[in-house]
Amino acid sequence: MSSELVFCIGLALLILAVAGFTIGVKEDFAAVVGFVVYGLLLSLAWMSLSSPDVALTEAAVGGGVTGALLLGACARLRTREKPAEGHRPGWINRGAALVLCAGISAGLAGVVLLLPDPAPTLAPPAREHLLATGLGNAVTAVLMAYRALDTLLEKVVLLLALVAVWSLAPDRFWGGRPAFGYRPEPGGPLIFLTRVLVPVGVVAGIYLFWVGADAPGGAFAGGAILAAMAILGFISGLSVVPAVNGFRLRFVLVAGVTVFIVAGLAGFAWASGFLAYPVGFAKPIILLIELAMIFSIGATLALLVAGPPGRSLKP
Amino acid sequence: MPEFLLAAAGFVLAMVALGLVRILRGPEDGDRMMAAQLLGTGGIAALLLAAGGGLPAAADVALTLALLAAFASMAFAKSGVSPEAYDEPKPGEKE
Amino acid sequence: MRLALDIFTIVAVSSGAFFFLAGTVGLLRFPDTLTRLHALTKADNLGLGLIMLGLLPHVAWPFVALKLVAVWVLALVASASASQLIARKVRGRRGS
Amino acid sequence: MSVATIFGICAAILVGFGLFGLILQSQPFRKILAFNVLGSGIFLSFGVVARRGAAAGMGGDPIPQALVITGIVVAFSATALAVAILLRLFEETGGTSLQDDAPKGSKSEEADD
């Protein structure tokens, strides 16, 4: 057995252990920390599966924004005494659930193990048409050219999720600022760290989008990093969460989808149909869409963490 | 040499994984956060060692992880403070 | 030359790995939160730094080497400040 | 035995873990976490499929990878929505128990976010 396999087995076992811990541990906070660690380990697993694009996205989303979201939620839920433990399912129910889950796991494992050996793959055609897009990274080509419609709709889903989160606000807070963010502590390490990290993070996010055309990277990983930097600004108090009815904010939020749709409609004029790119100009158009997307994704993810408008937790 | 680097990656990962026992034991939330912090750093080291300096993409992933390494700790540091610190109405805001 | 670089890598990476070992032992064995924090920072700063140093001769392009140094500097700044934050939080809880 | 096989089995077990937590955890917050574990198991199995489809000089089939990238972001937004609903519930009722006004045994509205 090669040492790579040993490493992977160790990593897989570690992932399973942390996942089991996250599911089973009693303390909510420990579960959240476990989950943050779990996201980081998954990113290592994605590297081992030679999917660096996914590893980047997982690192940025799982290690960054998800952690902030869950830690914040956990702290808020703990502010009062926890309600008495809900009724514990009986032994029969537990056994049944165990059997069900073990069965599903076994079935899935079987499916994975029994995949036909030259596995079906779309890599050759993806590689073949890469030249036409002018891109060097096949994953970006899938996201932005071959299956651009999916990516567009996924952006719309993000916006819908944000609207849904906002709509949870009590009426009296509607249009206001999300109850997220703190007063700055002058001279504190948080301020220092924010001032150091945010410029680097913004550069790194835009860099990831830029190299994403030819190397692992892309708008999603870049956008998630930008979101993390925005959240950093909110929690250090150096920047204030914008009010949800601000025009500029809404402009940034819809910019990605708008540019995407406009470019898609223009496809009717300059190429063969919706979201078709003219020969030779695919790459600049894709980069333009991605540029708009990265800021929209960043703003959307940051505001999803910030939550609905409402400046006080008091009911 | 790649074998050695991979072995070192495995060793570092195993070490920080042992540190995760702190998440289980606590006793304070700070201790749990520290274990996550250690795993973050160790994960970066293991990632780069496993790639053996060969994959440029590994450096990007490591950079992302390093950038966000302290992120959870920072969110944690503020998480107990309630956002009500934010309470007085700001001018120009709808009530 | 090659051999010298390899030996350098082995020494640096091994000492880096040792600091991770030390950090973990400290995290598990030290008696209270603040001393554990002390152990953690050693692994964070020196362990990662030495491993990066050991990897430097092996990277393909100078730009990647630059990124590795950036990773270390970022981790250094971030973990030092994060330790401060955790320590303040722990102390705050005890004080009040 | 290959890298893909190892992570394939890992992914299958993760799905089982997640489902188990989703069914048996009584607190909705923990159900959300479990749901995320379940989801990441499914993503990982996509990764395994991608890895097995390595061809044409690429480390993996790019299509499942692209699917997973969008999936990760959508899963995050769903989590954020679920958390927001939960916090609002907490704000309104002072608790997050789903059992109070629902008949016992009927478990979750969070489960299918």
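To keep things simple, chains are lettered A, B, C and D as they appear, and every chain counts its residues starting from 1.
We adopt the following convention: contacts are C-beta pairs under 8 Å (C-beta built on N, C-alpha and C of every residue); 3 or more make two chains touch, one makes a residue touch a chain.
Being a predicted model, the structure only gives us computed values, none of them experimental.
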Per Cα centroids, the chain farthest from chain C: D
Pair joined by the larger number of C-beta contacts - A-D, A-C: A-D
Rounded Å distance, chain B centre to chain C centre (Cα mean): 12
Inter-chain centre distance, chain A versus chain C - centres from mean C-alpha coordinates, in Å: 27
Approximate Å spacing (C-alpha centroids) for the pair chain B, chain D: 21
Residues of chain C engaged with two or more neighbouring chains: 70, 74, 78, 81-82, 85, 88
Residues of chain D touching at least two other chains: none
Junction residues of chain A - those touching two or more other chains: 4, 48, 74, 76, 190, 193, 197, 200, 313
Contacting chain pairs - touch in the sense defined above: A-B, A-C, A-D, B-C
Touching residues (chain side chain D, partner chain A) in the complex: 1-21, 23-27, 29-30, 33-34, 36-37, 40, 43-45, 47-63, 65-70, 72-74, 76-81, 83-88, 90-92, 94-99, 104
Chain B-touching residues of chain C, taken from the complex the two chains share: 6, 9-10, 13-14, 16-17, 20-21, 23-24, 27-28, 33, 36-37, 40, 43-44, 47-48, 51-52, 55-56, 58-61, 63-64, 67-68, 70-72, 74-75, 78-79, 81-83, 85-90, 93
Chain B contact footprint on chain A (complex, rising order): 3-4, 6-7, 10-11, 14, 17-18, 21, 25, 27, 29-30, 33-34, 36-37, 40-41, 43-44, 47-48, 52, 55-56, 59-60, 63-64, 67-68, 71-72, 74-76, 79, 172, 174-177, 179-183, 190, 193, 197, 200-201, 204, 208, 211, 215-217, 221, 225, 228, 231-232, 235-236, 243, 245, 311-314
Chain A residues touching chain C - in the complex, by the definition given at the top: 188-190, 192-193, 196-197, 200
Partner chain D, residues of chain A touching it in the complex: 1, 4-5, 8-9, 12, 15-16, 19-20, 22-24, 28, 31-32, 35, 38-39, 42, 45-46, 48-51, 53-54, 57-58, 61-62, 65-66, 69-70, 73-74, 76-77, 80, 83, 85-89, 93-94, 97-98, 100-102, 104-109, 112-113, 115, 119-124, 126-128, 138-139, 141-143, 146-147, 150-151, 154, 157-158, 161-162, 164-165, 168, 218, 220, 224, 297, 300-301, 304-305, 307-308, 313, 315
